[in-house]
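To keep things clear, I will list the structure first and then write my remarks on it.
Lettered A, B, C and D in written order, each chain numbered from 1.
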Amino acid sequence: MSAADLRATVAALHAELTRYSLVAWTAGNVSARVPGEELMVIKPSGVSYDELTAANMILCDLDGTVVEGEFAPSSDTAAHAYVYRARPDVGGVVHTHSSYASAWAARGEAIPCVLTAMADEFGGEIPVGPFALIGGDDIGRGIVQTLAGHRSPAVLMRNHGVFTIGRTARAAVKAAVMCEDVARTVHLARQLGEPVPIAPADIDALYDRYQNVYGQRLVAAPRSSPR
Amino acid sequence: MSAADLRATVAALHAELTRYSLVAWTAGNVSARVPGEELMVIKPSGVSYDELTAANMILCDLDGTVVEGEFAPSSDTAAHAYVYRARPDVGGVVHTHSSYASAWAARGEAIPCVLTAMADEFGGEIPVGPFALIGGDDIGRGIVQTLAGHRSPAVLMRNHGVFTIGRTARAAVKAAVMCEDVARTVHLARQLGEPVPIAPADIDALYDRYQNVYGQRLVAAPRSSPR
Amino acid sequence: MSAADLRATVAALHAELTRYSLVAWTAGNVSARVPGEELMVIKPSGVSYDELTAANMILCDLDGTVVEGEFAPSSDTAAHAYVYRARPDVGGVVHTHSSYASAWAARGEAIPCVLTAMADEFGGEIPVGPFALIGGDDIGRGIVQTLAGHRSPAVLMRNHGVFTIGRTARAAVKAAVMCEDVARTVHLARQLGEPVPIAPADIDALYDRYQNVYGQRLVAAPRSSPR
Amino acid sequence: MSAADLRATVAALHAELTRYSLVAWTAGNVSARVPGEELMVIKPSGVSYDELTAANMILCDLDGTVVEGEFAPSSDTAAHAYVYRARPDVGGVVHTHSSYASAWAARGEAIPCVLTAMADEFGGEIPVGPFALIGGDDIGRGIVQTLAGHRSPAVLMRNHGVFTIGRTARAAVKAAVMCEDVARTVHLARQLGEPVPIAPADIDALYDRYQNVYGQRLVAAPRSSPR
């Protein structure tokens, strides 16, 4: 996909964030790596989702420096860029403050894997990353280090929100949608008692099947085992 | 209804799942039995709800083998097919991970019948079926065995989600919508105390009346008593 | 307003029930008294909100017998009719199973008046009426007897849902919208502690001002004091 | 911006209140100061959000007296006017009864700053103002006195709802949207345990950065420190 096509894709994918109410005002963003180049496309900072177009997306290098674009890039650009530098397998990154997932993040509590849909997509718990201030490499490093120990494409950054990764931007958006969905269901389950655990062997079986069989083609960014 | 008309109906009914926010991304599906034939129409796997059309629905036999269709059928096809084989009275099956119902499923807890609307549609509690892995007959068997002991057209599969049945696909969709609606209301009621029970004789009176009098014609898939 | 105009008004007002997510599938209805006649206009039973038009509304007498209309009237027609017979000041009735209000109803618990918006619209608590089976005068009588002791235009029928009244159908719809809104806010408040009470004299001051000053004209169906 | 342009802006900004479900029926309003004049533009009282246009907005002086407009102004006009008189830096005021924020208000409990997004926008807790009856200067005085001790552009008026301020009406609307968003997330976090606190120095760092760096230009109404 060319950088031009990718601009249109990234702009359009933000509509999934609003469709699923994952974002309020301008607080959430999608980026995509330009395949084969040291470049990424990302949302401009503080621009309404209604006003996003291919033309106002920002093209940055992987240090977060603007290469093309009239606006300042997302204030989360440094975190996205860090992930692309550290993880060559990642083609898309999404950030949201979706309510239920951010509530787990505010308590610094991982979401336990008690749903088959969670085993499918996340292969286990959705882990919690460190508290980190915006502006340098701390958020990016926290994302990468936390995800390195898990199959989950989503991480809950403490007191902050969600970052997800994917082989494509679309896969990362899917992970953000599913992260909020399971964060809500497990929250609701916990409100009235304790969810029944799923045996680790069953989680493995579900994850392996989903990553290899589901859909018309692979749609997520799986790695076959935690590293 | 011909298989061609049924394709259009099944494609269109998925819009009710998104209208009531019962599904995230592609996680939910509707199927219908082709009347008088050993065939069913079902959603393709991993395709967005926005992109569903009569043309891309999949026609399968009741072993789940594709008879007509360009795409792979829903990964839940085996479960739908099992239900049609075991229950000749069933013309439609729906599967969702709707949030409140799935929260009850995650705790493995049946939803008690404490609302008149629940007595009307479900004739008692919404029961919990077993934990079962996807891929064989275990989910289908769990659905059929659990529903055999209840008037409810909905079952909460443990740690998983909801399956509903109906005399038609539309009736099964209605049951899925009402299942989430009562799952939410009873959840909310329980958060601040205990709901008042409804006497079993009143539940019977409500169920019998609703199944025989409500609406312009029968719209659900009733059986007059549990078996 | 003629019966013809009223049909269009009643059909259109159902869109407010779906806009505020007060109803699932076909479970909720609006009616209006034909001014100066022993007649009412009400929703047909079991018809989708998308399909409501002035033409398919049902005209009934105040015993609930159909005078004009191709379809069966709402299964709640007897309750609406009872209210119009007993309360000549009422011009509109609304029934919903909205989630938060019905959760209070499932516990048989009145909603305490701890919000200024609730004092404005309801003049005090939203009371709970008796459990009653559908089909005769029991629901209607329960509504009328319960509201007789309160300024509230809304009553929570135990284990069932909400009925609201108004001088017009629009006022009754407004009361149904506000009932769910305050049911939700007070529910949320109670989840994490106890709301601060509002002094009865302040509730009276708020109610009197709102019923006499708010808006461009009177929009609710006030009575100046409980009877 | 002329008063004519401001009418269109204020009318249009109400669509953000409905988009984010901050308001039910007609219970919420936006106003803007006419730059350089002792005038404000505000919503008419009791008019549906669907029917708001530049033409039916009301122009008032800063005592709340109508200067131009066919309708009565919002019943909250006195509170808006008080804020403009007391705070020359304020160009926009918003009032809502949004559910989660109003639940905190009903308990008379400030929202603790446990989210980075909350540090960004509010610079600390969202405080609680006094209980005050509508109609005189009590609400306006309560807003101004409470906000004087905080960096937050939002205040929870006890048993009532939210008032927000901004350098522009758009900034005040943003504050109202973000107030409900963080009220919900912190509520959810608290339901299942205790959120992790954020160190005061980190809150300061986040606030300073956001107010000075975020977006294409300053979009909120910051004051660099509490007073």
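Just so we're on the same page, a contact is a pair of C-beta atoms (placed from the backbone, for glycine too) under 8 Å apart; a residue touches a chain by one contact, two chains touch by 3 or more.
These figures come from a predicted structure and were not determined experimentally.
Chemist: For copies subunit B and subunit C, work out whether under half or over half of the interface numbers are shared, and give different or same accordingly.
Modeler: different
Chemist: Between subunit B and subunit D, what is the separation of their C-alpha centroids in Å?
Modeler: Spacing between the chain centres: roughly 44 Å.
Chemist: Averaged over CA atoms, how far is the centre of subunit A from the centre of subunit D? Could you give it in whole Å?
Modeler: Centre-to-centre distance between subunit A and subunit D: 31 Å.
Chemist: Would you pick out the residues of subunit C that each touch at least 2 other chains?
Modeler: Residues 191.
Chemist: Judged by the touch rule stated earlier, which pairs of chains are there in contact?
Modeler: A-B, A-D, B-C, C-D
Chemist: For subunit B, which residues count as touching subunit C in their complex?
Modeler: 20, 114-117, 174, 177-178, 180-181, 184-186, 188-189, 191-196, 198, 202, 205-206, 209, 213-217, 219
Chemist: Please name which positions on subunit D make contact with subunit C in the complex.
Modeler: 24-27, 44-47, 71-72, 75, 97, 99-100, 102-104, 106-109, 131, 133-135, 158-161, 187, 190-191
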